[in-house]
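So that we are looking at the same thing, I have put the structure below in structure tokens.
Order of writing sets the labels: A, B, C and D. Residues in every chain begin at 1.
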């Protein structure tokens, strides 16, 4: 992160990379318009880093971003890109940027995309900025990532429907939500759905203990409330074999019958909720403000009401964990005297 | 179906049975209030036919149905009931109804529930009426069943989100929707989502032909449109092994990479859309009108704007198929010159 | 309506006219793709009949309609057009169509647009077809118009929120919905929201009687249920002065305090629900089928599951009224013994 | 705010007061269950402070709060209460609390309710805690109030629909949102809807200047983009005469035709979004934690991820303003070179 100084910038490039997240389009729009407001030309590379390597891009002007603030997906398309992990790929990408005199590159994506961007600085001398767009919220240095709020609401709306059926039949459901290697989605979704149990990285030790824990809890709650619906919300990539295996293990271990549901890809797309649109608009404009201040190698984070820069290299260290206090509260709400 | 004649009815019973469907509560409400309007007392048995056998019931009055017109699930709970398939179970159920002088039994449910109700007439001399509540729309004698419209919208909203990701990555997704043994959900959802391909009972012959058909279509559309998202919507219980197997078979057969998604239980619950609330309100009141006219052994169907009775025994014959014309249109829309 | 015969059609034009309705885009898409499937070229005039007069149009191909099946509004824009009511305007429009050798003109709109199209046949010798797109459902010869189902759901979702506040404060709200000169929206919305009272063209006589009726009903329901929320759903253009005047008149007449709400323009837009997407897809393709069969001067209606033609001139006679039976049922549900 | 010390609490009372806000039920649930977890008995007074004076209450146990986490409104009902502003009213309320040995009173509401609670301490010696529940977000000492996030999303969803019609007709709409005396709703809604102009307390000086500002902006944007939709989002209680007067003044002042829309009561109710459910759950439990720590005369605020107490008397001072940076950004996005 270089020291702040006023900077003349004429042309920048944008791209979206990695898993799509609701609000990426709002970030594209805001970054573009705020740059145009400052007389900066903007181009967008398509298909993530692939477009950078293959020199596939479009010019971004006002009409091209006019109706996208509330639309899911990304008009620039996204992709994962193996070639960008190679020196050849990065060199070609840098060459393409230089050929067009691109002063700065802004990448909207998650930790993998940022890690790539950090390495890319070996080959590219322009400014680089990351905007955190991922439903997983697993980026350090920001309270929230773009897409997280929408994904939580999507999962909650889906599980509310499952709760109806669980209530009608007074049955146990185990619902697996996304989150990659972090429990933000599972915790927030679980609390919002009044889940009877949440399995997240912070409270999971091993399958045997988990089964025992669930069995005890099912028994206790049943004793207290009588037969009723019981929802278990689980982070993915945690219980070996996922929700399906957990369900069959519960049957074997404690003759507990439960229905597994994997929410899957519905959590990635969808029109962004207001919060993600606002966050993306804020971050996109702030990215340009940082560029104009001469800063580079940073990610735009949000803390409370304010955007702030953090070194890109620090954003991918995975030190951020879920709110343990909230997890404890949720546990207490299921344990009545 | 006895000839119509005015009938004095003092007390009726309601229950919901089989898979829950959005709008069941609206039907409970309407049936109850319309009966109360005519001075008829109403009780509701809980947990489907189980409650009838175990004599588990609640009195239904205005406050008990006041806030439920727009709520998913069923306040009477639902269940499947093996015991009701036995003579002993049915005898006990009939005994419980007689003990309370129940003049008529109204069952809100699907074909399994109606088949049970038909047999139950061997043991019960009161009037019986079925109200079709199932998301599958697989009941003869009615344009629509309660819950179908909501389930279509739920699936469409979910797949719209998947389309965002499919668009961002220009990939192929195969999405499996419910429907049991019928293709109403798959066809309607597929058309509404502009699916590139719909697999339903009416157009499926065998896995080999299906794979060939999909491969040809993927190739043709790609040639015409370039790389783009491609959605396949499939009815459940059709391709052997479901969406997951179809995806792996496509990889083997034609090196087509596609991502399988099973929407699952989110399609059953949820607050009913307006159409299901209106349909349920209409059918519930009409059921009482039929009772008062002395009719029995019927199901309430809707045809255009009007409710009409159909013999219960005919409602479960599964003659109703999807609109072939609509399926042909959808196919044509994907086949451009 | 000419007798059916196979017809060679090379080029057609589309436009959307009058109030926008959710699903118009799905109709544009379906009409376009089905035409392309039959090798017919398609252009779309912009801004309704204005575009026809000013010769403002775009070519419609697959990419231009690719992502619009689920989007509100209309990509062709809409407008009302005074100039098209003049001979000069119509002559110019016909001249523009002839200059491009347009074989047929398809208009997606409501009764005003169709009345214009009927007159336009004095000047234009090509085929003409109307597709009913209006949230008001006030077109004869079709069970439903495109946009109606979405508008009902939008209004119901809005009123569900108002009900929460009405319940929390146990107060009376009067909500005015759209519908122009018909009560379809008011009736369907009122039933779906379990409105305590619905004011529609079929049951309204004059303000004095209405006030008396409401006052009696409020009193009766309060006596029966105790203090509780009470929703009155009213069609627009009915009570003189609308919801605001009704509220103040109720205060004067019977010291009944109620809060007026006018839902307004939120009812017109929004992404179409599945039903409107399917209806629009069906009607759009059917319009091309009718053109190919040599038919003209017709509107595409839906009856049950099937599309069918009706003379355009008959579609605007306003003979269609709401389902009186459903209105009676709703009234009975509020009148318990 | 007394110094923290462990406290034995046996029985507490809850009430909801003032305008209802989505998430109030989630707060009732969390407060109740967390209290029960600690062996504390809970009662809920109905109809705000009225219930306190009239001694109208219900016992809150697990079944009474089981299904409410996601429901709008408040099961305890709400009301404004003139009598509670009098000494007699407060004395009676205190008497009722003492008669039942209520150790603490928790009030979920807004600034008016909190001001009442502060005064009530003259008469009541138990602990008092406020939980901020209002869609207006106009409470000091907390980043967000319960209900704000939902109200923003509700307004944004409504305005997205209006945008469709504005786009179809390329017209100007002015939409008035709630917010009482603060601009949080207007700013957040305006940014999320990509409003061309936002009128809020922070940027409004007087009607004449506002008209001039709007006229200039409409002209500038039209010059830049051509004819297109143009949305003005305005806070209520700001422009004299509201949206209707602003529209007619714009016509008089600059011959600008715009359509006024007042969103009104749909912004208050509705099922809470995930964020409000989580916030309410967090705050409700934290209120009990503060009681157990011996604290009183405080409001529970949220700052980042953590709940924290603030003196009740400070919570109603209205020092909190909207994020000026975000307002500036939004302005810049509409002003392109």
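Structure notes:
Note that in this section contacts are C-beta pairs under 8 Å (C-beta built on N, C-alpha and C of every residue); 3 or more make two chains touch, one makes a residue touch a chain.
All of these numbers come straight from a predicted model, not from anything done at the bench.
When every chain is reduced to the mean of its CA atoms, the largest separation from chain C belongs to A. Each chain gets a centre from the mean of its Cα atoms; for chain B and chain C, those two points are 28 Å apart. Mean C-alpha positions place chain C and chain D at a centre distance of 36 Å.
Spacing of chain B relative to chain D, judged by their CA centroids, is 40 angstrom. Among all residues of chain A, those that touch two or more other chains are 160, 167.
A list of each chain pair in contact follows: A-B, A-D, B-C, C-D. Considering their complex, residues 16, 19-20, 22, 71-74, 77-79, 154, 158, 160-165, 167-170, 173, 259, 261-270 of chain D touch chain C. Residues 29-30, 33-34, 36-39, 62-63, 66-67, 69-70, 143, 149, 152-153, 156, 160, 167, 188-189, 191-194, 224-225, 228, 273-275, 277-278, 281-282, 285-286, 303-306, 323, 325-326, 329-330, 332-333, 335-337 of chain D are the ones touching chain A in the complex.
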